[in-house]
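First comes the structure, then the notes that go with it.
Naming follows writing order (A, B, C and D), and every chain is counted from residue 1.
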Amino acid sequence: MLLAKSNDVHGCQDDSPREKCGIFAIHEHPDAARVTHMGLFALQHRGQESAGIVAGDNRNVTHYKGMGLVADVFNKDIIARLKGNNAVGHVRYSTTGTSNITNAQPFLAHHAGVYYAFAHNGNLTNTVELHEKLEDRGAIFQSTMDTETIIHLMTPHLKNGLEKALVAAVADLQGAYSIVMISAGRIVAIRDPYGFKPLCLGKLDNSFVFASETCAFDLVGAKYIRDVEPGEIIIAQDGMMKSIKPFVSERTAFCMFELVYFARPDSHIFERNVYGCRKRMGQELAREYIPTVDFVMPFPDSGNYAAIGFAQESKIPFEMGMIRNHYIGRTFIQPTQAKRDLSVRVKLNPVRELIEGKSVLIVEDSIVRGTTSRNRVRALREVGVKAVHMAVSCPRTCFPCPYGIDFSSKGELLAAQKETEPDIADFIGLDSVHYLSLEGMVRATGIPMEKFCLACFNGDYPIKPPEKMAKLLFEQESLLEE
Amino acid sequence: MLLAKSNDVHGCQDDSPREKCGIFAIHEHPDAARVTHMGLFALQHRGQESAGIVAGDNRNVTHYKGMGLVADVFNKDIIARLKGNNAVGHVRYSTTGTSNITNAQPFLAHHAGVYYAFAHNGNLTNTVELHEKLEDRGAIFQSTMDTETIIHLMTPHLKNGLEKALVAAVADLQGAYSIVMISAGRIVAIRDPYGFKPLCLGKLDNSFVFASETCAFDLVGAKYIRDVEPGEIIIAQDGMMKSIKPFVSERTAFCMFELVYFARPDSHIFERNVYGCRKRMGQELAREYIPTVDFVMPFPDSGNYAAIGFAQESKIPFEMGMIRNHYIGRTFIQPTQAKRDLSVRVKLNPVRELIEGKSVLIVEDSIVRGTTSRNRVRALREVGVKAVHMAVSCPRTCFPCPYGIDFSSKGELLAAQKETEPDIADFIGLDSVHYLSLEGMVRATGIPMEKFCLACFNGDYPIKPPEKMAKLLFEQESLLEE
Amino acid sequence: MLLAKSNDVHGCQDDSPREKCGIFAIHEHPDAARVTHMGLFALQHRGQESAGIVAGDNRNVTHYKGMGLVADVFNKDIIARLKGNNAVGHVRYSTTGTSNITNAQPFLAHHAGVYYAFAHNGNLTNTVELHEKLEDRGAIFQSTMDTETIIHLMTPHLKNGLEKALVAAVADLQGAYSIVMISAGRIVAIRDPYGFKPLCLGKLDNSFVFASETCAFDLVGAKYIRDVEPGEIIIAQDGMMKSIKPFVSERTAFCMFELVYFARPDSHIFERNVYGCRKRMGQELAREYIPTVDFVMPFPDSGNYAAIGFAQESKIPFEMGMIRNHYIGRTFIQPTQAKRDLSVRVKLNPVRELIEGKSVLIVEDSIVRGTTSRNRVRALREVGVKAVHMAVSCPRTCFPCPYGIDFSSKGELLAAQKETEPDIADFIGLDSVHYLSLEGMVRATGIPMEKFCLACFNGDYPIKPPEKMAKLLFEQESLLEE
Amino acid sequence: MLLAKSNDVHGCQDDSPREKCGIFAIHEHPDAARVTHMGLFALQHRGQESAGIVAGDNRNVTHYKGMGLVADVFNKDIIARLKGNNAVGHVRYSTTGTSNITNAQPFLAHHAGVYYAFAHNGNLTNTVELHEKLEDRGAIFQSTMDTETIIHLMTPHLKNGLEKALVAAVADLQGAYSIVMISAGRIVAIRDPYGFKPLCLGKLDNSFVFASETCAFDLVGAKYIRDVEPGEIIIAQDGMMKSIKPFVSERTAFCMFELVYFARPDSHIFERNVYGCRKRMGQELAREYIPTVDFVMPFPDSGNYAAIGFAQESKIPFEMGMIRNHYIGRTFIQPTQAKRDLSVRVKLNPVRELIEGKSVLIVEDSIVRGTTSRNRVRALREVGVKAVHMAVSCPRTCFPCPYGIDFSSKGELLAAQKETEPDIADFIGLDSVHYLSLEGMVRATGIPMEKFCLACFNGDYPIKPPEKMAKLLFEQESLLEE
């Protein structure tokens, strides 16, 4: 159990972690916890800070959560003791400062003899108002998790039945939320009316499954059925599911960054294959910009797919000019006498013979703070590259995200800090940099532009961020140069 | 983090753990967490299941808890990160079935931007009613701990100030509770009007300290001032303390079992030294019963002090006929071929040359289930003892305890299952057994009989146990013979 | 410390592990252990079973070894306590059955007040004879490591000085050995006259460094100078090095499998860049065989470079059709109800949208037992691939290796078990398979054929394997089908 | 695995650890490793630094050792994997500086296809000469353990059979050695001709067992048969034992300190019960010295038995004036602001009410450095004791021990540093101190004086310590006052 530092949690709610997470649930399966554990394995890229599973039947519930990777948190014995044919699981993204077990999900509580556990992906934008309202009622809070807020909203309405209580609670929520819930024989899946975050419905034999991405279905052997729709609440009980859509969804606001960077390339979200989207973004890039280079290469493994697309479109050879060390662990001990920071080199080493004296184009999927890219480019310079250009398969990310992506403030976004592309190239140490156009990116997805949330690229927020949060998000203090 | 099994917690509230615990708190000390950690070391005998510390100042709070011994849960780094000049700590007794981190204390929650953490020793008797009332208000529960209930009772009144909120919350409580609380610069100590459980006030230089027993003061170097009085609430703030006594304490009901068995012999509780009480109980025993034996011996270390008193009064030699192995750890692996259960022998080995052919009197402080005694007596028989008599320094414990001692039900109490002393001697394998009289025991303490809770001995309950609990406590199902 | 199972070590010497390892050494560096630790990080792909470092100065020596990855075995404190400005390090390959700490290297011993520690890569072929000879002298053995044998050979000659003792000991050795040694202020590097295994000399500022591969130099920031030559002994002392070549090297026998599979692509060994060799092997493949497919793909990450070469030469698009999960840990718990083996899927998941209905060519670097490939091909079939062909960038490996590659016996080699390529394709579930020709492979390296050991491909052993070993190596018992 | 610091081991052999250890062996038992593990549990007081077991049959051997307590080193899985119906085990005493896994026992080696493992208690006095002789033969050493030396002495003679080889090796040894050995179906027990250290023979059903003390027989359920005699070699093979006594034992030299302090009170060694001896030492003390005090008390648990004897003889009441905390662990974190050293208090707390204003006599079994006693006496002063006298149940220990007790040098022995008893009382803070006379101590054992080694008391060394060692042992540098 890690040390939990609880700052005065309500005075600085806006500083709370953006929950960038993966969720999984299964209804009526004899091996519910084991399947959920596997599902979380496949969703591990969505969160490496903590992992948790809650399993139960009509009356009893068992739960387990811990800090770290799914493989480290769970073992055979623990899984065996998580009993019941329903289960929900959660992996959470690591953000500094509030990393503690108290904020690990799923959040489990009891009310009137019944258990309720929620796992959530996304970020509410009206938490401050909701807390104020709830504390008037005498509520206490043990965490800074949105899920604790949601169950508080629900309990007063439970006397009218779970369905009505869910509708009443969800009606109060603003922001992004893809949620799975377990309670006494039932699994519930909820996706906000904008559909910011993905949430998929599948079937494993006769059991309904829910997951943030379809790669979890592939691993557990489930079949993808369809997305949980924006604004939909699905209640699975007694082996059957019931869908209700109590809220009108005026428009969708799919998170473009899921396709650009966050989801796994083998997943199918927003009804699109991610690999295909990324490769086409690389192709679009090659239609906009081709520098004179000897070859195209990604920084493994983030830009692989866009780089392949770029190479195919441009007919420039594709190479893998940096080699990844698969064995980097937690204990990298740098010699005290070392003149350079070696933490980049231990992960990725340039192939000197390939790069020396050559002009290369790096294709990257995105640049957030720019510091990692800068270190990698420096490693290429050290082995004698002639010129390094970079093509980025999305536009400049200039605006923070209040819906669950951890661009905490404008001050941390390189593209917001620098006025021109040459300024950015300069910071990173490139000969040139080119960002894909908004149109090119959207075109690559095959989805109409108005269906996306593109706020991080163009500042057009589908839901207005709350005033307090907005102030914080947009402060211009630069954190880039230490 | 251990696996948490939450049964439907409210339907079977009476099955909840009897909290037999140790608590510590310190106000305005630069090294608050470190001192609290030491205090918990001294209170470790009161609970080995889990340990926790919450430290804080006017605004911020940090906390840490874990399963296991104080020495295993904490380390230097963790203690260093528990910042703030106020702290409360807790050790919890291991009871099977509900052993999990969710129920580890102190319980920390937030309300309206302020933190509150409680550490509790004792057991409420009206939890079922309190939960029902609170859930009407929409409350959710994450644990089965009484402390969670108490904070829920307090929050609606916080708008009138902490003191009034405390009084309002405490007014609703029934049962045994010695509590320390930390919140935003304040330490609060509360003892129920009956004073079931001990709670002492001391001073370490200029800092007020509170502890379940004075042995904690000895270790941290604090001076004992006085007991927190039954029904008293002490609020320490800004280096000063304020005492309020909002409730009339009609009578006290000091837990006799603390003096007989539970407290450390070097502690001073209920204004008595425990060693002295136990030795005098041995002396009283020797006035009631002296069998013909070669020598008197305790089973180390439980009966040491009564045995010394008995030997001095009876002039029979005192010996230490069983040797304790100080290095028993968790991993005792019995040979599969072994004909006998070796788990007793690994802890205590008889001194064959001393015991062979001799008649001996074992002086014990108490017998609960009788199975451990039976195994130890068998070990004496194996080395050729001629006769084994036993004198117990308290009367027969025939009645379960609803106030925080883990005699879960009558079915588990040997003395309640057997009609006569010869029946008990027979079960344990003794030649004879004698229990100290109620009068002898009370006389040894020097405290008037009416000041004690003697319910476990005579069934006279100071607070009526609730009906549901009573039914459970008194069921006659025998668990003795497997 | 793992459990060590020592079978009667000398009666079955041939069953001893083939030591496929990585070695590193540094002379006269203030931070010797830290640099060695980093060097081992870069060599981790050469051995994941155990890691060890010995550091020392003229008189004192400290050492540490443990089972597992470099990152798990060492930490800051341990590294800080490994004192002295000379150090040698070792990582060892995991082979089943003899995995224990006793066989972890470096091997440290003392003689006449001086310490000697050896780290070894390769496998001696005359161990049985050497042990017999040494035991006549009364020698005892604590491990099955060749390094223990070598120091026994050396000690009787130490009265004539270290150099003469080294020459005398090395004169008795047969087989493959790249060795680094530390002793009282000196670092020694030895490579056998055939030069089976790589061993490189570099410089980090003024300190001489030695490593199995140059990728270790890149990470520590050292400059590659040249290879330690076949048959050369280099003694570094007082900041200077002395080279002696006491033995005539009639021919070299560079291990081709290092270039094909074992070395890291960013390394430079046998005076060749590994990435370049592998890519050219892919190009040679494309000159020999082009099936009709929609695209070329590797199984990440083994065949990446040959696949890139194949795609460039053949003009067939390159794709990454299987996605690697970077977070697989030790605890993968398969659902008991699962119908398929999911351990392949958890590592590599096919991109369904890319593969469904397509004909694909897998380019692989090598096939040993064939079982992994079979599982991966099955995963492709499950998502609806139309046809799967495979091109392997080396010839069929039909002959076991007595020099340090763990092809334990012919019975474990798929290519030795199957008569024709269609038989192999059948076993793996392919539509067709093609192996690169011996000539094509050698041509891709740019090194004359006679300089290589190609025994695993053509059975032409540069040093005759000893009779006992040969019998074992060539037994035809099939282990392929369980 | 701990960090191993190997100083130049042979130049400073005399600085090597005095091996104060426990050994156990069993022959022909289906559960050999499990029984050995239990035996080590019972011998844990003889060594807490490391523990190890070697188990085997006629051909195969498995072994496991680790740093720490038996309970921490082993677990069920490890024990289950230690196969074979013979086993030897060892626990080793913690001495600072050379605490590392390399020196953990049993020492296992192989020669000519046969395994040999030795576990040793005692200390050789001619190691320097033996090493010189062996290194002339080319021997290498991996540890500083005497057992490694012994096997080197044995191997050249193995061609004449094990029995002759043992006799030849043992003939070269000088000093104290109680040894058990396992090799290919045989268990061998060896005790030096002086019989310095105990070694007992027992039987568990039909299996022969050997142990340092009989308390190990009690725990495993074995029957004590007799001591292995001084100068005896017992070879157990095929379920039978053969005793040879190749050497004339001119005199015995039983280590008196075993009876005074080291052995467990429930053990029977040198044909005496330890508890009885210690109690009689207390009685002898009371015949020599009775101060005017209110009561007698031990420092638990070392002086318990002598204190009981003293109290019975003197008719002065026996009390247990300091209470032991059974839960002290590794992590005791002292508050930085603490004015006193709290490490004494955390282990033993005085019972204030008992001690305040009283005169007390502490009965102690021995005083070595005196610093612990000093701290404990200070704790008594702090609670207001009126006077503290001390009676020690052995004479002043003024001379270092070369045979295996860790009195490293005269400089560390309080009694050797101070001229008179008042000087010693002064150092410790006592009102008076009295040491038992040599005659009184010997009389208490019932064994003739000439059968003991009393060197630590009177400087009369049965075997002359080697010159080098002697110089070190007797240097007068005082380490007492820091």
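Miscellaneous remarks
By our rule, a contact is a pair of C-beta atoms (placed from the backbone, for glycine too) under 8 Å apart; a residue touches a chain by one contact, two chains touch by 3 or more.
Worth saying up front: this structure is predicted, and the values here are computed from it rather than measured.
Among the remaining chains, not one touches chain B and also chain D. The greatest centre-to-centre distance from chain A, using averaged C-alpha positions, is reached by D. Per-chain CA centroids place chain A at a distance of 61 Å from chain D.
Here the CA centre of chain A is 48 Å from the CA centre of chain B.
Each chain gets one centre point, the mean of its Cα atoms, and the points for chain A and chain C are 38 Å apart.
None of the residues of chain D touches two or more other chains.
Across the whole structure, chains are in contact as follows: A-B, A-C, B-D, C-D.
Residues 1, 3-11, 59-66, 78, 81-82, 101, 108-116, 135, 137-142, 151-152, 155-156 of chain A are the ones touching chain B in the complex. Every residue of chain A that touches chain C in the complex is listed here, in rising order: 29-31, 34-35, 37-38, 41-42, 44-45, 48, 69-72, 74-76, 79, 215, 218-221, 264-266, 268, 273, 275-276, 301, 304-305, 308, 311-312, 317-320, 322-340, 342, 345-346, 349-354.
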